[in-house]
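As written, the chains take the letters A, B and C, and residue 1 is the first residue of each chain.
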Amino acid sequence: MKLFSSVHDVTDIKQFVQDALDLKSDPHAHAALGKNKTLGLVFMNPSLRTRLSTQKAALNLGMSVIVMNMDKEGWALETQDGVIMNGTTVEHIREAAAVMGQYCDILGLRSFPKLQSRDEDYSEDFFNKFVQFCGVPVISLESATRHPLQSFTDLITIRETWKGAGTPKVVLAWAPHVKALPQAVPNSFAEWMSKAQAEGMVDFTIAQPEGYELDEQFTGGAKLVYDLDAALRGADYVYVKNWSSYKDYGKVLPASGNWMLTNEKLRLTNNAGVMHCLPVRRDLELASEILDGPNSLVIREAGNRLWAAQAILKKMLS
Amino acid sequence: MKLFSSVHDVTDIKQFVQDALDLKSDPHAHAALGKNKTLGLVFMNPSLRTRLSTQKAALNLGMSVIVMNMDKEGWALETQDGVIMNGTTVEHIREAAAVMGQYCDILGLRSFPKLQSRDEDYSEDFFNKFVQFCGVPVISLESATRHPLQSFTDLITIRETWKGAGTPKVVLAWAPHVKALPQAVPNSFAEWMSKAQAEGMVDFTIAQPEGYELDEQFTGGAKLVYDLDAALRGADYVYVKNWSSYKDYGKVLPASGNWMLTNEKLRLTNNAGVMHCLPVRRDLELASEILDGPNSLVIREAGNRLWAAQAILKKMLS
Amino acid sequence: MKLFSSVHDVTDIKQFVQDALDLKSDPHAHAALGKNKTLGLVFMNPSLRTRLSTQKAALNLGMSVIVMNMDKEGWALETQDGVIMNGTTVEHIREAAAVMGQYCDILGLRSFPKLQSRDEDYSEDFFNKFVQFCGVPVISLESATRHPLQSFTDLITIRETWKGAGTPKVVLAWAPHVKALPQAVPNSFAEWMSKAQAEGMVDFTIAQPEGYELDEQFTGGAKLVYDLDAALRGADYVYVKNWSSYKDYGKVLPASGNWMLTNEKLRLTNNAGVMHCLPVRRDLELASEILDGPNSLVIREAGNRLWAAQAILKKMLS
């Protein structure tokens, strides 16, 4: 594996989930695999779970890790070609990426969208150029339009916890927020769940207010419902997440009705497990009573980030 | 040991000091103890000595270390329960702490007081919630009201350097500063010295201007003197430190007389060793002539931070 | 080797270059040398190549690495002696350096000039005091007036790529920029090339506009040319770099003529390899067509930073 940027980079998601769960049961089984190998983690934006879990995953495989907070310890990067660099950008991504590839065996990159131009963000220009010029395998630590480490983790968590008969019903439920957030997490989740649905692993529904439709390249096969209560009926997993509008790009549109998940709404489900990628705004996106209650899977989900990252690193090292 | 937040977490301080000195004489004797274990160091505030010495201590024990500057690389954390998180805090301490505990075997936390509300600071709400929710052993890297790694180091340094007969006289001497500083270091020092006095290891005096009395929960058994010169007579160790008022909380009160330690004042002592936790403001808190002279113990003291941290980590790993 | 701050700290540069190239061909041959040793990297200013390559070099030797971004994770340091520290500086370099030396076996320090006072910058007061007070071997990660790791790398790259008969002609060519940059890189490059010229390894020319003459302590033996085209004729290596004026200290002086290297100008050379320390401003300092073309050595040069750093660390550990 030379690139992990979306579900399309994985050939067999069922096996890949199993690989991660095997690592969870025996974390240090491959401690020699990463000997003398270095993982470079490049952050253009803040991180907590991704930073810590990916570091720990690499350490479990015997790799060393170098973290580079490019935004804070480095400088602004230019991505456009053909510009005279007489402004505020100090180095071009062509050089910066190539240089990082000189010192690291695998690189991870986090780079958020600016939410100003849909074309720019959805071109994944920054991420793609980094991959193109660095010359080593790359793991997305969340790009402008996807967060595949998170979505892989989410599928691991569903597989790990699902003890029912048949196929679990999974609902991605839009939630309110005060800020305009990227679509990366819901895009990626939809993409992974659509693939999982195609393989008979889940039954997948998206619940959202009108105007919040995601790009259809990610949602193929998903049922789309504009009524949260209707979507929740019979749900086995509810994945709560805010995102800004894709159509009216980057905007926070008014949403009629109550979209925050509460215990009252949870009673409509099949005693569903509640998931969130974190960080979560308590009592704005998701009720505290759920986060502090028995149905919350959010901490287990965060813990599983480690095994998702380790499975990918293992694949790249093998 | 599951928690190191104050002297009360140590059952036998004499033995604990000896453990640290044993590690100093053979730093790598326990290099296998931390195999496959990760220490996470979480900083809400800047650090030099604590950051470096605790990292090195963990490395000496074979642990790996992940540093998280939450204030710079992460985001603002909410600590209050029951609030709708529609403001500037991005994640609740409940989730953030629990998540960090998923990736680390031991966590260290630094979190300074705001010096605005005495009740809030002295409740140690932030530190205690972190301990409560992270689910793994925690070392205080300085909290709102205590800096136990520093005070343990100070006791190690006194034991290591005291060659006299009998019990050394230790004076905690308030010093001037231009900023309002926390009481954490003097609180903690007083707490450790009071315990050490109770065990016959030191004779402990606090010298300070009126209005700078510390919370009595930390100073039990200490002699309190309002005249620096009187306190210095016969002193074997002078621990210089500024702090803001506890009574008139967080305020810098006017102090009559000269409270900066100089060579002239040092002549009143029993050729005392001079200590300071650092960073120190030269010629404001403490005269350069002392820092550059033969009585200064400040660099040795800083070096001993390593063995204090290593002794605690060793205890937690054992 | 106790200090690496300039070419004067190296006794045999030919052998030293060979040592680096030997490490490049067998990076992990000395993986036991750094066991239980810690390298501390102290940054007062941003870094990409230096930070990553020096970390990786230390890891290859089995050392552990602690990075300290003093400007971001720490606080402002005082360097002047005899001042009452009642301003914004929190700690004196005397204490800060000594403390870092307590935890690290080797220290690296990056500290840029302020470009306000030539006397202050060229005294190397900050760097020298750090060396004086830390008590352990020190590597310059770029100081006010020199960047010896870079220049050592440049010599390695020339030796590695030169396949011609005789002595290669090396031209240091001033280039335009929008900001006032330090003279550290050209000073250091000139110093290393002058030494290399004295040992018959290169033939060295400096091309620059009038007013940009470097301090003569660095340029002894170099030919000085004020006409870029004339200098380029017969060049085997062109080292492109901007710097601000040394004479009219820290100023960006007007430069008549076109000083940006392009393919057209490159045709004047002996099909020269083009070098730059990076980061480079594309199409301002150096044409994109060169950076993206076959004559560019900049990525290889950046990659060689690793072997330069490893050769120095190996020397210090031996």
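Quick note on the criterion: contacts are C-beta pairs under 8 Å (C-beta built on N, C-alpha and C of every residue); 3 or more make two chains touch, one makes a residue touch a chain.
Quick caveat, the model's predicted, so the values are computed rather than measured.
Least-squares overlay of CA atoms from chain A onto chain C yields a rotation of 120° to the nearest 5.
Because chain B and chain C carry the same sequence, their contact can be compared by residue number, and under half of the numbers here are used by both. Taking the mean of the C-alpha atoms as each chain's centre, chain B and chain C sit 40 Å apart. In chain B, 72 are the positions where the chain touches two or more neighbouring chains simultaneously. Within the complex, the chain C residues that touch chain A are 27-28, 31, 43, 46-49, 51-53, 55-56, 59-60, 69, 72, 178, 278-284, 288, 291-292, 298-299, 302-303, 305-306. Listing the residues of chain B that touch chain A in their complex gives 36, 38, 40, 64, 66, 68, 70, 72-75, 78, 81-86, 90-92, 94-96, 98-100, 102-104.
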